[in-house]
Amino acid sequence: MKENLYKYILGIADNSLILGQRMGALTGHGPSLETDIACTNISLDLFGQVRSYYQYAAKIAGDKRTEDDIAMLRQEREYLNVLLVEQPDTDFAYTMARQFLFDVYHFLFLTELQKSTDLTLSAIANKSIKEVSYHQRFSSDWIKRLGDGTEESHKRMQTAINDLWTYTDELFHQTDADKAMISEGIGVDVSKLKEAYYKKVSDILEESTLEVPESKYFQKGGKQGIHTEHMGYILAELQYMQRAYPNMEW
Amino acid sequence: MSEEQVKNLEKQFEERIARDEKIEPKDWMPEKYRQTHIRQMSQHAHSEIVGMLPEGNWITRAPSLRRKVALLAKVQDEAGHGLYLYSACETLGISRDELYEQLHSGKAKYSSIFNYPTVTWADMGAIGWLVDGAAIINQVPLCNTSFGPYARAMVRVCKEESFHQRQGYEIMIKLMNGTQEQKDMAQDALNRWWWPSLMMLGPTDAESVHTEQSMKWKLKRKSNDDLRQQFIDQTVPQADLIGLVIPDPDLKWNEERGSHDFGEINWDEFWQVVKGHGPMNKERMKARVGAWEGGEWVRDAAMAYSEKQQERKEKEAI
Amino acid sequence: MKENLYKYILGIADNSLILGQRMGALTGHGPSLETDIACTNISLDLFGQVRSYYQYAAKIAGDKRTEDDIAMLRQEREYLNVLLVEQPDTDFAYTMARQFLFDVYHFLFLTELQKSTDLTLSAIANKSIKEVSYHQRFSSDWIKRLGDGTEESHKRMQTAINDLWTYTDELFHQTDADKAMISEGIGVDVSKLKEAYYKKVSDILEESTLEVPESKYFQKGGKQGIHTEHMGYILAELQYMQRAYPNMEW
Amino acid sequence: MSEEQVKNLEKQFEERIARDEKIEPKDWMPEKYRQTHIRQMSQHAHSEIVGMLPEGNWITRAPSLRRKVALLAKVQDEAGHGLYLYSACETLGISRDELYEQLHSGKAKYSSIFNYPTVTWADMGAIGWLVDGAAIINQVPLCNTSFGPYARAMVRVCKEESFHQRQGYEIMIKLMNGTQEQKDMAQDALNRWWWPSLMMLGPTDAESVHTEQSMKWKLKRKSNDDLRQQFIDQTVPQADLIGLVIPDPDLKWNEERGSHDFGEINWDEFWQVVKGHGPMNKERMKARVGAWEGGEWVRDAAMAYSEKQQERKEKEAI
């Protein structure tokens, strides 16, 4: 089994899995029917991507592992998503800020992944980028609406951006699997996306009358499987059925 | 308008309906027609929206990615149905905010079935199979109802609902082909959802209030009891086929009628739930009102932003 | 195996398990340090009782089942607690109202269980009743403080009582296991506790300037294993470790 | 008081301390003594209270009932320690509300170790074993500190802490006797908690600000570096005994010193966390402030009730 490629795929897919799980949990509880539909749709897109990635990972693993085993039967320390995507839905400003801070990265990332020499990955990237382009438009619009909306919404959005900012740097950390895959022409060098990311994010924050945080302190750990305390609760639900009813088909 | 003029308009209106012509929002219509349609369409829209909650309850816990994606898509469809139906209502001169207000204050009803809890994964199967199944039986005739926007919405809704129903039945099939635990889970879900599904088709004809007028306007084409019989006759063989037992000891095929006889429905339970005292009525309203009130600042911000954008455009235009 | 006795014990113990779980989750988040300690202590007492009951149940089962298997490896439909104890901690008024409405029952129940011809059960009851007497005092005091405190606290407590009232009737429903155990002199006839319960509860509510709800509609199902939608989430956490790491010792 | 009188009092005060007499709240004491004690005791109290959170995180998920009960009892003990320590502070003329205010505003510190997340069950073992272990090393000398209420609180706290420490170590033993997954979990927890535990014993002596004065008042009896060395020398054999590997490639026994040499501590990380930028600083404060603000109406109600009761008693007394 190609260990690095396998891990590399999980590193991509786990972000969509956990963010999709977070967004899916909001279904039926959105601030308006239209946003509810849009958030559910983002969740749906992300899980669609997740399936493609894990199906590919399962193929690479080459044993009996299925997409569901990979999604739901790992221990917390084996999930490789960034900390950003597991942050809670404190309010709709947090939900949109988290989405926006991820979408901008996700779009840049997939743009590069389309050039991967791994044809499956480039095909998934090619299919996903249209969806993510829509996500980015949706979340950016909400950054603007809330940032440049009322005094209250401005304050809430600024708080959310400030709090979540600390999780952005990790997006650009290289893992060992990253390095191995870059050298094979398969992986994306995320460290090169950093400048474009902060440029794009800052532009939109400024357009939204929001301040760009200046913190020099960042959190990391997710890419090494060391998560925040939220992760265990996310997994408790995500894994519930597979754990409680092992080895069954649904 | 003189009384005679009104009578004349009414007569023409009834004749159009009798000729199967569609009534459109801008056409003249009797006030009662308008009110009845607002009531029924909004009740239907509210049911879609509240109906997102019991299924939404299993999104984070769906047992496989495939099922999770299907469930998300289904709940999203329901939100979409809510959206068309609210829009159709709005053509009759009522705002969505007013409709929500009616829901949240308890003035407007929604389908009582959504006041039962979803306690196992099999409930996702049972709801698709039984609840959507009963809904379709209620709704198919509405594809030919007299009010154009409602009829057109129903065409789209029914197409999607029947997809959902097959999907629900497929969940049940999979469970019945699984382990004993899965079979038990499926049977248990049927046990809990069967009677509430029968109740979904409304009170017995004797107790039903709006029937006669609704028949005339094609808001209703069969009586509740006829629809219920149709639902039972359609569903029993589906249960048999996959080894599920309908939880009704009095259920049996009546050769003479060419239909199933069935046991007595617990109408006390029905009325208790309708009146707001079902297992989940309070929770459902708490969730809806909570989302609405908690989202107020978001909607306000969107409004403020859009006004600012408008002002900017106007300034630029000068 | 004595099926009825086994089920009867679970019917008692599951209440303490789920209420203990609810109260334990509040640790560190109470409105004051003193209430935090008291709530943790209630949780601790309840789990202590739970252990005694399940250890006895495991003995009756007579197979390899342990107290932890019984506590954490059943499916939701096999938990027999009343719906009352699984209701959420919407605010501190709900927490105290739930506790109070259960404590009054629990005290009456244990008073009778002390007379059980089953010596293990009567011993557990005898040991537990002192703890529960303290719980009842604590929760009653808070009903009074919040009921007869400020306008806001009065309103919140009345809302909590009104909402939770609907779950009180189930406390007095007889299950089949109940009936079998009553006939053997082991079980308590809960239906006979009803009058004393509503008398006691009403007295305290009135003393607290609260209205006694008059609803005739009640919820049930827990004793048959049909729970509210909260239960699945409670179990997802309760069972997490046992499910994710099966067959290990801790 | 004349300057000379004050000097005189100070001299007598210092002599009492030198004679190992206890200072009691009502005794005269220099203002700086009072302030330093409020700072240190409240910091200690806050650490107990904030320290409830990382462990509280595992109460609902403890893997067995026995462990759940033990964990609940432990966290409850911590709350109890907080209570004594706040009370000891209050004897120096500051209210608990003021102390909370200092914590919530960030003016008062608490032990930085609680700004790390508890990500697996093994963290409950590691915290008991390492964090409580380091705390005891810090605290045992305080059982003989000069301020009476603090010294007496410490006697009780240390007794309970050493019980907690054994309990934590016992969790690790059990894991190391378990499956490979459990062993990995234990090792992983040690890897994550080892360095933060060393940091718990404070900055190196060169960087430590309060040491000299604190030594004199017996608020401190050994330097941070000495305490750290003691902790390492005590803990390494405990790790060895159960097959855990200390995550420090530079760690080795120094025969000459009769002590372990060890690698360099990442003081940048230490200061980052102290300054409020650790993994969980924001979350911990959010939880504390949330509990406090969310509980305001409850405390107000208790106050109002107690006033009403008082009034009633007074009326009855007339």
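As written, the chain order gives the labels A, B, C and D, with residue 1 at the start of each chain.
In this section, contacts are C-beta pairs under 8 Å (C-beta built on N, C-alpha and C of every residue); 3 or more make two chains touch, one makes a residue touch a chain.
The model shown is predicted, which means the values in this text are computed figures rather than measured ones.
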Selected interface, A-B versus B-C, where C-beta contact pairs are more numerous: A-B
Over-half contact-pair match to A-D, picked out of the listed pairs C-D, B-C or A-B: B-C
Mean-CA-position distance for chain D and chain C (Å): 35
Whole-Å gap separating chain A and chain C, where each centre is the average of the chain's CA atoms: 41
Sequence positions of chain B contacting 2 or more other chains: 61, 181
Touching two or more other chains - residue numbers and ranges from chain A: 75, 232, 236-237, 240
Of all residues in chain C, those that touch chain B in their complex: 75-77, 163, 166, 215, 217, 219, 221, 226-229, 231-232, 236
Interfacial residue positions of chain C with respect to chain D in the complex: 21, 24-25, 27-37, 40-41, 43-44, 47-48, 50-51, 54, 67-68, 71, 91-92, 144-146, 148-150, 152-153, 156, 237-238, 240-242, 245, 248-250
Complex contact set, residues of chain B against chain A: 49, 52-53, 56, 59-69, 72-73, 75-76, 79-80, 82-83, 86, 121, 171, 174-175, 178-179, 181-182, 287, 290-292, 294-306, 308
For the chain B and chain C complex, residues of the former touching the latter: 54, 57, 61, 117-120, 181, 188, 192, 272, 275, 277, 279-280, 282-283
Touching residues on chain C, where the partner in the complex is chain A: 75, 232-233, 235-237, 239-240, 243-244
